[in-house]
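Take this structure, written in structure tokens, and hold onto it; I'll ask about it next.
Order as written gives the chain letters A, B, C and D; numbering starts at 1 within each chain.
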Amino acid sequence: MRARSQLRTTLPALAVLSATLLLAACGGDEDGSAETERPDSFAEIAGAAQGQTVRWWMDGGDDRINAYVDDVVIPAAREAGVRLERVPVGDTADAVQRVIAQRRAGRESGGAVDLIWLNGENFAAGKEAGLWLEGWVRDLPNARFVDFDDPTIVNDFQVPVDGQEAPWSRAAFALAHDSEELAEPPRTYAALLEYLRRNPGRFTYPAPPDFTGSAFVRQVVAAMGEDRAFAYLRELKPLMYRDGETFPESADELNDLFANGQVDFAMSYEANFVAAEVDNGTFPQSTRPFVLGEGALVNVSYVTIPSDAANQAGAQVVANLLMSPELQAQKADPEILGIPTVLDVERVPPDLRGRFDELDESPYVLSDFGQVEQELPASSVEPLEQRWEREILRGD
Amino acid sequence: MTAEGGLLCRSLTVSPGGVGVLRGLSLEVAPGTRTVLVGPSGAGKTTLLRAIAGLEPLEGGEVHLVGRRIDGLAAHRRRIAVVFQEPRLLPHLGVEDNVALTLRAAGVGRGERRARARAGLEEVGLGGFAGRRTQGLSGGEQQRVALARALCAEPDLLMLDEPLAALDPNRREELRRLIARVQAQRGLTTLIITHDRAEAAELGERVALMLDGRIVQHDEPRALFERPVSAAVARFFGVANLLHGTVRDGHLSWAGVALPAPGPDGPATLAIRPDHVELAQEGPLRATVTEAVYTGAHVRLVALRGDHRLEAHVAPALAPPAGAEVTLELPAQRLWRLPGDSDSDGDGDGDGDGDGDGDELSEASGAPSSPADPR
Amino acid sequence: MSGLHASRRWRDRALVAPAVSVLALLFGGAVAGMLKTSLVPLGADGLSGATLDTWRELLGDPAFVDALVFSLRVTVLATAASAALAVPVAVALRRRGLAIRSLAALPLPVPHLLVAVAAVLWLGAGGLADRLLGGLPVNLVRDDAGVGIVLVYVFRETPFLVLLMLAAMGRGLQERTEAAAVLGASPGQRALWVLWPTIRGPLVVGSIIVGAFVLGAFEVPLAVGPSYPPTLATFAFDATQGSVLAGEGLAAATLLLTSTIAVALAVAAVRFARDAEGA
Amino acid sequence: MVRRPLLARAGGLAIGLAFALPLAILGVRAFADTWRAPALVPQDWGLRGFEAAFGGGATVEAFGNSIVVALGATALALALGWPAARVLGERRLRRPGVVFVALAMPLLVPPYATGAGLTEWFIRLRIIDSLGGLVLAHLTAVLPYVVLVLLAGFGTKVTELEDMGRTLGLSPARRLAWVTLPSVAPTLAAATVLGFLVSWSQYGSSLAVGGGLPMAPLVLFPFIGPDPQTAAALSLLYVIPPILALLVTARAASSPL
């Protein structure tokens, strides 16, 4: 009885409290400063950037990318007069969340996120909500090395980039096999199915909406169309790891299953993932990447600057650096990262072009991903993931 | 203001937790003397002690100690030491450090602290206990440590709240003697609380009986036992026989027998303790024994004469069995006529004051000129 | 007359006020913000008007219902199992020294996600247990019933409950147990009359905290839970996986509902404990 | 007769190990450069995990920040929570239920639920992106634990001892130092350790209001899925401050002030 009477007195009190706070929260912020004056030239921007501290929010779980940023990008930024700090996050959503909260609170300046390494869906939604700084990419000096007629660069998940994000990395969807265990992997969808009929349970992919799992589904859809793709995935399901009742939650989990010999294939949207996983000891050195089907889904990763970022000039300086031939060449080096460049090497001055040509061949990085499969529109990704959950996971 | 060097409480009003417990209570303890505050549980004794000590705020009234008014002072500035019912020793300190606590607070140096603590322990019969931890001590030993600690504070007033309640009878006896001896040696003004009337009689130079937040009689112990001011007092002190009747010409007629009763005519109550009722060879007061219970020291007889009831304590050798016809005698010098008159029902709070308000009540406690006073 | 008493009551309230108001301000504001997020989407033209669309979508989603049922089941199982294990462990560790207690408390500072990692290293397919035994008889990681989730929570939360109970058992229990023994209470009666009343409070409070945590945390189910059904928290987590803006309302609504359930369960638990006390 | 305590001691040790040993696998993993099935022991030992852990240099700063914030939040929680815990522990409120629910809210609402709301609210309050803001954000999580643990230490036992101190002439400051603090030392120590621990493990709120300031869990978490070795290496370092806090306070609790 007492508990009930307490509840009776507590709940209205809480309701009043939360209503008050809600009202307070809804009250707009008056002091959002107006649009800052846009400097005319990059020289001006570089001048304004002097002494700024740029916080770059990015996934922090890959020690090779961390090392690239710490050892290559940060010193380069320092030379340009900008202090760059890497903010490691476990999930891009965490960085986007910070930007959204700023907007919801009615602040238009002073944001703590100066630069984000962003995925396509968040870019598209944020662009619609006006979260990103506009029209700055083409003005960067190093933009001249980029081919903005390339549809994979000018569109992010088929959403026009419109100068709101700068290309940084190129991604391509690849699988991996252990060449010692399996000399010749199945390279077509039919061959994969056939392989699994003979070796049931030796394949799986992460469950969407995991980034990699979702990409695998899109890869199949890109290859054979949505309905046929789903028919194929349904056919695949009972032949998969643990009868397709359970999926790994992430690419990392799939990597571990592969490394521990539970399945015969790993996969990733990162073109260099085999190199990375061999380097950190997860994959055996006999692991080799391969492309499933006629070609690979490709994509470009971008960095963007929130329109409320506190250090926009510095962030532009860093974004410009990221597109510089020197840094791109180091990133493309399999010894360092092995991520294909976003630059059009033909446009790079001859004295620097050599850096790209001299790159070592690596058995862990594919030089040819076959025909380029375009990404789907960002808006169709979520419906696709929901269909997958409905038809494949729950098997309705 | 008689007690220049002692404790004087005037018109104290205290309401712990919003409940009025004390309303206009007054009490005096002469310097260097021992007063026992006795009363049933719930009478407000502890509340009074806490109010004097400064643990319970006053809503009204004054407290004076050694001539200075202390009710406005914080508890730790009142120069009062209290021994509680539970020893309340600090578990993280040893015996010696517990005793020396107040010395440490007073800034006494380590060496002197140690010496005085040891002397204090010696005084309470715990010489050699200085190095012990408090955990292994018996209840009596712990209480002695608490007493030594209070003594070390050299207070102007020592108060003990039921200090013996948690002890077994033998230990109680020892500690009672110890308290009396130490108090007398030091000449400490002392207020002791107990609910045990025998203990009150033994410990108190003066005894104050507290009933329902009021001090109803404050006197030497014997007076409370033998010359109670009211039926309630009589009942608390074990006066089982209250004989109601009407006095005419110096006699009260009770159960057909005329008993000597000095004073004016009118309704009155005579009191006599069971141990003062005697067996006689012959006389007018014949009765039938309905109960005879052996209690060790005596046999408790309940005798009926018609529907009038008498209780008597007699020596076991002389005790008649139940059912026997006996003759009882009520010695005239043992019969005590209760002051006042209308107290015939005597349900505890009836002390003769029809409109017993706080101010008038103090009359019974603070005023030694009450009719019961022998002086 | 009661002025003194009333002023004391105000003083007591004033002493509680700083803690309560700091929480009401800082935490209440955060919760209110979540409520607003679930009602007012951030769209192309900034914040539009309030709408219940998100809540309708949530309550109409069959996956949400599955998640609710699954979450409640896992929460009840994990909490009950932790509590049931914690009591004998606490009794056994009662007289043990700091070293052994610290060993048992080791999981406490280890984040849940890391405990889950250790669980996968041991129990996952191709994990250490698999290697030692040459094959696992059952799947404990990503099993459909959520046994893996329960196991990880039991491992992580039992020490927490044990620590709370050990604190309550400190001084006094020994004496009271001996007193009861001297009065002729059997070991069973001593456990029921002395031990149980001592630990019931911390056990109930601790279990409420554990239950609320299990109900609302996503790390462990994400690491070892089945692919389907999700828990309420992983359901919310998945909603913001692709695009935060598209899913934040749904996630906020899910988590607010989860919080409401947690509060309701806590009140019910307190009530239940109090009734049991009276009996 | 002699064997029973031995048996009990062995049983206690077994229980302790049952909770500690499964975590020891993290200790092995931290030094395992390669550890693939079916190997029972790592194929390659090495320090790659630690190198990766300290790669950026932010790790040291993160640990420093976390310690500062944990100490700050715990101290603040003790200061705010002490009076509240006293009042609640001594049952001085007629309707404690309301206060309890208000104080327990942060324990009942999943930390994940408030992260986003916290960011927006702290931006409005202008206490975002700073160590001070982090202290306040952690305070919301620490304060309920501190109050709940502290209030168990208060009650008639303590007030009786304090009354004794008052009647024996101890000034308020001495009473606090000689009577109250030693009396509640065990719960005070428990509250301090728990407060430190809760603050130390705050991932969500650190991310929500820190604005990218490095904090220990923020450095650790990104590695947990992708790089178990580095995560394990960091976790070995990660548990050191809480264990130190435990030992220091356990000592402080046993030797009175």
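The rule is simple: a contact is a pair of C-beta atoms (placed from the backbone, for glycine too) under 8 Å apart; a residue touches a chain by one contact, two chains touch by 3 or more.
Remember, predicted model here, so these are calculated numbers, not experimental data.
**Student:** Where the centre means the average of the CA atoms, what chain is farthest from chain B?
**Tutor:** A
**Student:** If you average the CA atoms of chain B and of chain C, how many Å lie between those two points?
**Tutor:** 57
**Student:** Report the inter-chain centroid distance for chain A and chain D in whole angstrom, where each centroid is the mean of the CA atoms.
**Tutor:** Here chain A and chain D have centroids separated by 34 Å.
**Student:** Distance-wise, how many Å sit between the C-alpha centres of chain C and chain D, to the nearest whole number?
**Tutor:** Averaging C-alpha atoms per chain gives centres 16 Å apart.
**Student:** Find every residue in chain D that makes contact with two or more other chains and list them.
**Tutor:** 37-38, 101-102, 116, 120-121, 124, 221, 224, 228
**Student:** Spell out, as numbers or ranges, the residues of chain A touching 2 or more other chains.
**Tutor:** 2-3, 7, 24-25, 97, 100, 104, 256, 259-262, in rising order.
**Student:** Please set out, as single numbers or ranges, the residues of chain B touching at least two other chains.
**Tutor:** In chain B, 91 touch at least two other chains.
**Student:** Can you name every pair of chains that touch?
**Tutor:** Touching chain pairs, listed by label, are A-C, A-D, B-C, B-D, C-D.
**Student:** If we count contacts the way the header does, which residues on chain B are in touch with chain C in the complex?
**Tutor:** 13, 15, 17-18, 20, 57, 59, 91
**Student:** Considering the complex alone, what residue numbers of chain A touch chain C?
**Tutor:** Chain A reaches chain C through residues 2-4, 7, 17-18, 21-22, 24-26, 93, 96-97, 100, 103-104, 119, 121-122, 124-126, 128-130, 207, 209-211, 214, 242, 245-247, 249, 256-257, 259-262, 378, 381-382, 385, 389, 393-394.
**Student:** Write out the stretch or stretches of chain D touching chain A in their complex.
**Tutor:** Chain D reaches chain A through residues 32-38, 44, 48, 52, 55-58, 95, 97-98, 101-102, 115-116, 119-121, 123-124, 128-129, 207-208, 211-212, 214, 218-219, 221-230.
**Student:** Taking the complex as given, what residues does chain B use to touch chain D?
**Tutor:** Within the complex, chain B touches chain D at residues 50, 53-55, 74-82, 84, 86, 88, 90-93, 101-102, 104-106, 149-150, 153, 159.
**Student:** Which residues of chain A touch chain D in the complex?
**Tutor:** Per the touch definition, chain A meets chain D at residues 2-3, 6-7, 9-10, 13-14, 24-25, 29, 55, 57, 59-63, 66-67, 69-70, 85-90, 94, 97-98, 100-102, 104-107, 112-113, 250, 252-253, 256, 259-262, 280-282, 284.
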